[in-house]
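This report refers to the structure that appears directly beneath it.
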Amino acid sequence: MSVFGFKINEARVIDYDKTDKRILNYLLENEPSFNLCIFCGSCTATCSAGNFTDFNIRKLKMFIRRGLVSEIATEAEKCMLCGKCFLVCPRGVNNRNIILKVRDALTKIENHEI
Amino acid sequence: MKDEGKKQIWKDYQKDIADDHYYYVRSCIRQSFFPASEEFFLRLLKDDLGKDVFDDPNHTTCTGIGYHSDIVSFETIMTVVARHFSMMKESGYKNIIISCVTSFGIYTEIIETWKHFPEVLAKTRENLFKATGREFDIPENMAHASDIIYKFKDEIAQKAKYRLVNPITGKPLNIVEHIGCHYSKMFPKYGVGGAEFPEVLAGMIDAWGGKVIDYPERRHCCGFGFRQYLVQANRGYSIANSKKKFDSMEPYKPDLILANCPGCTMFMDKWQYTISEMEGKTYGENQQGIPVLTYEELAGLVMGYNPWDLGLQYHQIQSEPLLHKLGIEFSIEDKYKTRDGRQMPIPECPANINY
Amino acid sequence: MGKKVVVIGGGITGMEASVQLSALGYSVTVLEKESQLGGHLNDWTVLFPNLRKGNEIVSFLEHGLELQEVNVIYNSKISGIKKINKHYEIVLDNQKQIIADAILVATGFDLFDAHRKEEFGYGIYENVITSYDLEKIFAEKGEIKTPSGINPKRIGFIHCVGSRDEKVNNHYCSNVCCVTGVKQAMELKTLIPDAEIFNFYMDMRMFDTHFEELYLESQKKYGINFIRGRLSEANETIDKRIILKVEDTLTSRPLKMTVDLLVLLVGMEPSKGTKEIAKLLNLKMRESGFLKPEDDHTLSNVSNMPGVFFAGTCSGPMSIKYTFTDARAAVTKINCYLKEYELQHRILLN
Amino acid sequence: MGKLYDLLLQDIRFEEGLNACMNCGVCTAICPAAEFYKYDPREIVDTIQTKDEEKTEALLKSETIWYCGQCMSCKTRCPRGNTPALVIMALRTLSQKLGYFTDSEKGRQQFAIKRTVGENILKYGYCVPTYAVDPKMHPEQGPIWEHIFNNIDDVMDRLGGNLKKKGSGALREIHQKNLDELDKIFEVTGGYKLYGEIENYSEKKAGEMGLEFKKEGIDNEYFRHVYTCNSDNHGK
């Protein structure tokens, strides 16, 4: 805290020009069904982990689209990989594999491979 | 940026501004932070333009800052404003000039509410009568003080001693304007030029020879936010908003920020200091800051008034570099003198702003 | 010679209705204010959902008119319409008078004037264009460049410009902008394969056959992006790019993005001609200014004036397919009226 | 239909500010508070229009409703003619009436505003006169302000003010008869009632929190606490 008694607030806006799209690009290459999502939320509605925690897989997919890496990392851990989200998706998006690929991508980012 | 496009919009938002016989209501912030602006404004109207304007000692605050920080109810503020209307009636005036953008916004909100809900108007009449025995009429014409300067901008240009042009390079000064949210964001029709590309300040800058710069965050709030500044714990919000604007305008190298609202003028001036202290970042050429002026101060400057009588020395961002750019002559000795010529102490220099 | 029908407006509706009425044996005169037939269709290069060419449809309609030898009066301006007994007397600017036993109003729509959404900067920022302007760029068939002359790498499409918006007094949905946004995004992506394209929408209203499939294809084959959030304002950067501010409503956070080119998907408004004719004939209008039928379900082409009918986009936004259908439906109603079928007197029971 | 919703409907600003929301997000897109706080006006309006009693109560007790800076930018843009900021004002007023405001850190600050701006209005007839902006409470105002504050008579005189003197002019003394009328207006329109509610609920809260509270002024623990406390949990 400064002598003034406050800090300058940080912006919460998603600055699309500056966010990190490495995970998005990795996914588009390795799980192209990602592109078919219409954000309907069926996946979240049926989600096993989401029943007990604040995990929201639809939101996670939005974070991936927008390139919000730290939010992605926090969310991607919460999935139990039950796969129900794949079964209910009206567009055939392979949500379960998306989680696996996101975890891959996060490791690759850590290892500077992507 | 295509000016024709803006001019097209301006045609749709030319409001009727009374020509003479004004009742003037002051602003808490303008008279506290820029008292010379209000004094110059009255002098300009009376002495330079020969208008009749009444500066009534009997009006009070409109309570607007209290209202927008939610400690004053709508019913209360409507009645306080109605009292001002009552005093205006008593003094025989029908045209009101409001010196504060927050007040102006409140007056427009109240008048629009009364239009849509006549029962609220009736209740306000009842409240005022019960409290003070007073009755009132709604003003025939309502203007913000900048509307008046806008109306007489060409007369001012004719009387002007200086133009907003650098006499050495011959180039117009780059000026960004800041309108203040409550001027017309609520009711675009009340603002000269509307809400999106207001003309009120741009028109002055144009008429006096400057160049208006439109930067991406031009419309963004200065960050005052009422409770967001009034309480120390929240000030990080206020400063963050001003900073966002400075960062956005910086690439355009503005010579000057011209502001409509007294609060915005004060914040955009002071926050440059605070940011320089907190982050070591100073905006403007040569780390001198970007001067922030009221429209009265700018009018006074072009008309050749003494910058120190206009109060420019009491802005945190000092204006000597600006005065040099405009070719305005001034006496440095006179800067911190009292009215009767005594030398006053010299204010301390901030660490990160070059004076 | 049979009874006389005057068709006001020579766009898709007017042309198709004239052909059909003529085929039924009526003497048809089309009054067209321009020097050519086809209306807005002349300005639309490629049509959704099958990406066929707009001018194919114009020639189809023109062929019909030739076959039926329909009388067209070009550059006509109506100065007055009088009802005399059971027929109407239409007076043109050149004092010419035309008698009609029935009138079909087919005065169509005007595109929403994007200048009115001041905060989007159309007419102020160089690189903000409308979907209509983009069609013209497509028609020129050259390399796609922004008005500033660069090859756009990121493009934004804004849905609902002038539609579903109290601020411009249009509460209704214009029906066709969603699919137009998808269609134009795909065309642009074909022309500039490395461009990133974003559609900013509130609801994707893909109401007709194959529209939803087109939406799917735009994602699957073309990688078009969709962000659920309405544009709040656009601002120009120092290098004349456009900063967009929306809420990414599906993450509940504000989002800003810079694009090289911004395309405003402009909606439909009742045309100036529609309003003029409605005034001359005393026709009922909806609050939106579109013509109001005697009954929304059962009398959709029937006006409040006996012998006056209307069809097409003068009664509300519709796609080309429905315009054809509506024109033909109106013809049936007119035929019924002129032949004095008993059907004409069907009533609605409350 | 909730009871709280009915109470809100009595506020004319609520009626004016809330039509049906279609969740387009133009308000949030342009909202300075949404940018710098965990705040989404669209969601607030959406929640309110469900008329759900529990959710409304939670809002009235939340930090959320205190984030808005009342710039009114949302009013300019809403395609349905809503004004989320007016809805917020109605929520804040009700939160104070019911005493819910002391449940949140940001809500408790109303006490500090009442004791500063609120008192200024009645004492001086101004919301914020120069002499009430003490550099000690406003270090961010910088050295020039400190200079003005310390030399206020000379500065005001030079700039044509009429500091604390009779007649017209900048920062003139507001005549007692005018202050009396202001006082009457506060009495008749419930201004004092609102002040009283802020005071009483704050005093109660100070007791619960074990902080010293004084009936007047700003020299007490509870004032200092609400004025400066920032749990830093209002952003992302």
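Letters A, B, C and D name the chains as they come in the text, with residue numbers starting at 1 for each one.
Throughout what follows, contacts are C-beta pairs under 8 Å (C-beta built on N, C-alpha and C of every residue); 3 or more make two chains touch, one makes a residue touch a chain.
Every value quoted in this text rests on a predicted model; they were computed, and no experiment measured them.
> Using the touch rule stated at the top, which two chains are linked by the largest number of C-beta contacts?
B-D
> Would you identify the chain whose Cα-based centre sits farthest away from the centre of chain A?
B
> Roughly how far is chain B from chain C, going centre to centre by Cα mean, in whole Å?
46
> What is the distance, in whole Å, between the centres of chain A and chain D, each centre taken as the mean of its C-alpha atoms?
So the centre of chain A lies 38 Å away from the centre of chain D.
> Go ahead and note the Å separation of the Cα centroids belonging to chain A and chain B.
Measuring from centre to centre gives 46 Å for this pair.
> So which bits of chain A are touching at least two other chains?
3-7, 9-13
> Counting only residues that touch at least 2 other chains, which ones in chain B make the list?
Only 195-196, 219, 232-237, 239-240, 244, 274 qualify.
> Counting only residues that touch at least 2 other chains, which ones in chain C make the list?
119, 228, 233, 248, 253-255
> What graph shape do the protein chains here make by touch: line, ring, star, complete or other?
complete
> Touching residues of chain C toward chain D in the complex: what are they?
119, 160, 164-167, 202, 228-233, 245-249, 252-255
> Can you tell me which positions in chain A touch chain B when the two form their complex?
Residues 2-11.
> Quick one: in the complex, what on chain D touches chain A?
Residue list for chain D touching chain A: 34-38, 139-140, 228, 230, 232, 235-236.
> In their shared complex, at which residues does chain B touch chain D?
26, 28-29, 31-33, 35-36, 38-40, 55-61, 63-66, 68-76, 78-80, 83, 105, 113, 116-117, 120, 127-128, 130-132, 134, 181-182, 185-186, 188, 195-196, 219-221, 223-228, 230-237, 239-241, 244, 270-271, 273-274, 308-309, 311, 314-316, 337-339, 342, 344-345, 347-350
> Show which residues of chain D lie in contact with chain C when the two form their complex.
Within the complex, chain D touches chain C at residues 22-31, 34-35, 40, 42-43, 76-81.
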